[in-house]
Amino acid sequence: MDPDVRRFKDNSRDAMANATLQSALHKLGHGFPLRRLEAAARLPEFEALRDQSRTIKDHVLEHLDIYLEIFEKRVIEGGGQVHWCADAAAARAKITEICQAAGAKTVTKSKSMIGEEIAINDHLEAEGITPVETDLGEYIIQLRQEPPSHIIAPAVHLTMDQVADTFYEQHDDLDPDRALDEPRQLLEEARDKLRQQFLGADVGLTGANMLVAETGSNVLVTNEGNADLTYSLPRVHIVMASLEKIVPTLEDATTILRVLARSATGQEMSVYTTFCTGPRRTEDLDGPDEYHVVLLDNGRSKLLGTEFQDILRCIRCGACLNHCPVYQTVGGHAYGWVYSGPMGAVLVPALIGLEEAAELPNASTLCGKCESVCPMRIPLPRMLRAWRRKHLETRRTGAVARLAMRGWAALVKRPRLYRRIIGLAVAVLGLAGRRRGRFRRLPLAGGWTDGRDLPTPTGDTFIDQWHRGARGDASGDWLRKRAND
Amino acid sequence: MAEVNGPHVGLFVTCVVDLMRPAVGFAAARLLEAAGCRVSVPAAQTCCGQPAYNSGDMGSSRDIAKQVITTFSAFDYVVAPSGSCAGTLKAHYPEMFDAQDAWAEKAQALSNKTYELMQFLTDILKFNEINVNWPSTATYHDSCSGLRELGIKVQPRQLLDKVNGLTLSEGDKAETCCGFGGLFCVKYGDISNQIVGEKVDDIEATNAELVLGGDLGCLMNIAGKLKRRGSAIEVRHVAEVLAGMDDVPAIGEPEG
Amino acid sequence: MTDSRAQILGTLARALSHKGRDPNAAKKRIEGHEINLIPERGAGDRQTQVARFTQEATTVDATVARITGDAALPGEIARYLKSANLPSILRAAPSLKDVPWAQQPTLTVETGIAADNDSASVSRAFGGVAETGTLVFLSGPDNPTTLNFVPPVHIAVLATADIAGDYESVWAKLRKDQAGNADFMPRTVNWITGPSRTGDIEQTLLLGVHGPHRLHIILIDETAG
């Protein structure tokens, strides 16, 4: 999808005015955190497992080149193919090439953020190949031609009625008088529709939550089982994965899997966790004849060794989104590109450039809740600050804001001048606000006063009072009073 | 007056308290003196530099940090009635300087002796002689920096437990951000406003008459929203209650 | 394309190579395949583990029955299908071809891979994991993967002797069974924890999206002697 990050503020405003979205975000913002807490409470070793997961990924990143080569070797030994793609265009071209070589007309897809990142669907369609999203949420938004609004719950922003309307509109071969009043009915209809697609697909296109170097396997994590029907029924299985998805061994993958679902939805384990290794064996009765892994760089390699390396530990659980006060307010679409929430605010500038995406790291209170729930202990606030620093260095921040910050900094470095100027400002404001104790409106502070009153200063600074001998007690020395009690 | 042999504390009053609500500074001083400290307030202090640091202006951040380090070098401890300012000094000043920079060691020295007020009173001084009456039902807002950077959670509650007549009614979202975020509240005012709206919904659901917290920026944000809604709920810095300053109007209320 | 490979690996090597880096660290970690921390929740004696497995599987909406000996299987399956008002027709994995199906004439059993209009399948699990009530299936000529996913009802057969406390024990068993074979992984290893589900429609939990709507687990104790 084309980035729309520059319109973050406008998109946020729309999001806040969207009652349906707000209701969904409320539910999500309450439910997911609660279930995560409950899952963590059921697992005394949860914190230790987070630490171990972090250590595993740090180790991988330190030796990423070597692990990738080992992975490639194992895949090839097992009869699969590995395709290295520097950027989105190369990945699109390679995937299309494989599909065309297979004579593919239909491609079933399981949920993949990499797929969104390289915009593979549009490209396949342009080449006369039909991609079919099989994750229920992705299927729904594909019909509606919308992007996903959440990493793991892509259609979370929609009501049942909206889904029903879409089905009436798009499944026009079915009886228009049929009832679609309940979620069950919607589900059955989607299941039937997609079942036909699963069975008829020529190629199955999946992502990968992890790639296991030891065995040349990819790991798929779903609750629906759609990924399993995607890779097992067609003749060709293509895996799209970015470089940093590697983990060393099956045991390492297992450790990370213990924190993934618990952090994402509060489940002990996702319903279907699958390890795919190569094409079918000669004696197998089912499975794909071809196994391809498309390894995508698209900006990851240049993050290594930089202050943004830690974002490469992300396992796409969505916990940071679920707990972020900003995400809970504006939802995923407002972020304007594939990745949203705190991890998006760090990753998107790295992938599409700071000039395009500078809004995102700025739109944060730096509350730190994200880091506190990240299973991989990614220091998101630190990296958000780092992007802000880089943005300032490009000198493309607003000139007025820069000047104001410089002015403030210059002032605070000069205590005597500060005292005089601030003392005056505070006295004036204090006088103006004396009667009510708060301002309903203040020039230049519309961002605050549109929705809130602004408490007024009392008119005399603390330091001035203290150094005049005042101790804040009109009736005398408080300590003396205490001593006499 | 009794001789004070206790630690010499430099009170880092914070720019927000200094400008907007001196009562918090006086409350902090009272508490520290009651705990046996000798309190000084260096006149040369202005700001901890957090706005510059959070904006990514490392040059200004370092300049300001050096000034603060110098101004507060003489004290046994540096105490601030604010989790975010104490956090800036304690957690972030050392990050601002390269390991080889001479200021790195000085920043670490300052960090080692800097504390947020509630944490200083309970964890360091083991002070609990709060002998104050304040009959009220209160709820507490855990400011993000204090909570997540400094681990402040039980300390203010321990002290409030000693206040006669005060009952604490915890909000489900006590630990949720109030949407202040420094410059965020004006740069992204709409989003900030909705976040503080949720916070205030949670506060109202506790049936508390009083909101307390350890960071004035947060408290002004919360008070501003409550007042705009016409709420009678009062907002104060926790130090004010612990120091018994019931003759000071609550945040956003007029004098007298 | 080879250029891309060289370019990517080159960029990585430049960023990562430094004097202190152990060039064999990756190889060592893989060869050692050390076990990391294993939570306590799956620990205990066989009885405890079976109970834990059953409790966890039930929590995620699987149903669990327990029988003794393969011979009791047809009867239990017939009972289950009848109680759930399902047709007495079954697609069985080849690994179950020696089960005495004929002893349950009401059951129609065909062996092979799943067909789209199959109403129920039965396959044999390689192992079970007590800590989360998870079944582990290996693909192979005896156990086609599609049996686990295509029909709306999936019956899983698991020997209680094959229930382990944790996933790592099952990996260890797989490695051991295939000892000496570098290609020890089958095409597909499925960890299955309950029937298919989604929350994608108004965050309402629904079962049976694409994978099975029902998962019935039959635990088999060995016959004595």
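Observations
We just call them A, B and C in the order they show up, numbering each chain from 1.
We take it that a residue touches a chain if its C-beta (ideal position, glycine included) is under 8 Å from a C-beta of that chain, and two chains touch if they have at least 3 such contacts.
None of the values given here were measured: they were computed from a predicted structure.
In terms of the stated touch criterion, subunit A and subunit C have no partners in common. The chain closest to the protein's centre is A, with centres computed as averages of CA atoms.
Rounded to whole angstrom, the centroid-to-centroid distance between subunit A and subunit B, based on C-alpha atoms, equals 32 Å. Averaging Cα coordinates per chain places subunit B and subunit C 54 Å apart. Listing the residues of subunit A that touch subunit C in their complex gives 24, 27-28, 31, 42-45, 48-49, 52, 56, 59, 62-70, 77-78, 83-86, 90, 94, 134-137, 140, 153-156, 158-160, 163, 183-184, 186-187, 190-191, 194-195, 198-199, 213-215, 217, 223-226, 228-229, 231-233, 243, 248-252, 254-255, 257-258, 265, 267-281, 283-287, 295, 297, 301-302, 304-305. If you check the complex, the residues on subunit B that touch subunit A are 1-2, 13, 15, 17-27, 29-30, 33-34, 41, 43-47, 49, 51-58, 60, 63-64, 67, 131, 144-145, 148-149, 176-177, 179-182, 184-198, 220-221, 223-225, 227-228, 245, 247-249, 251-255.
Residues 9, 12-13, 16, 325-326, 329-330, 362-369, 371-372, 385-393, 405-406, 408-409, 411-413, 415, 418-419, 422, 426, 434-438, 440, 445-448, 450-458, 460-463, 465-467, 471-474, 477-480, 482-483, 485 of subunit A are the ones that touch subunit B when the two sit in their complex. Residues of subunit C touching subunit A in their complex: 1, 4-5, 7-9, 11-13, 15-16, 21, 23, 25-27, 29-30, 33-37, 39-41, 56, 60, 94, 112-113, 116, 131-134, 139-141, 144-146, 148-150, 167-168, 171, 182-204, 206, 208-212.
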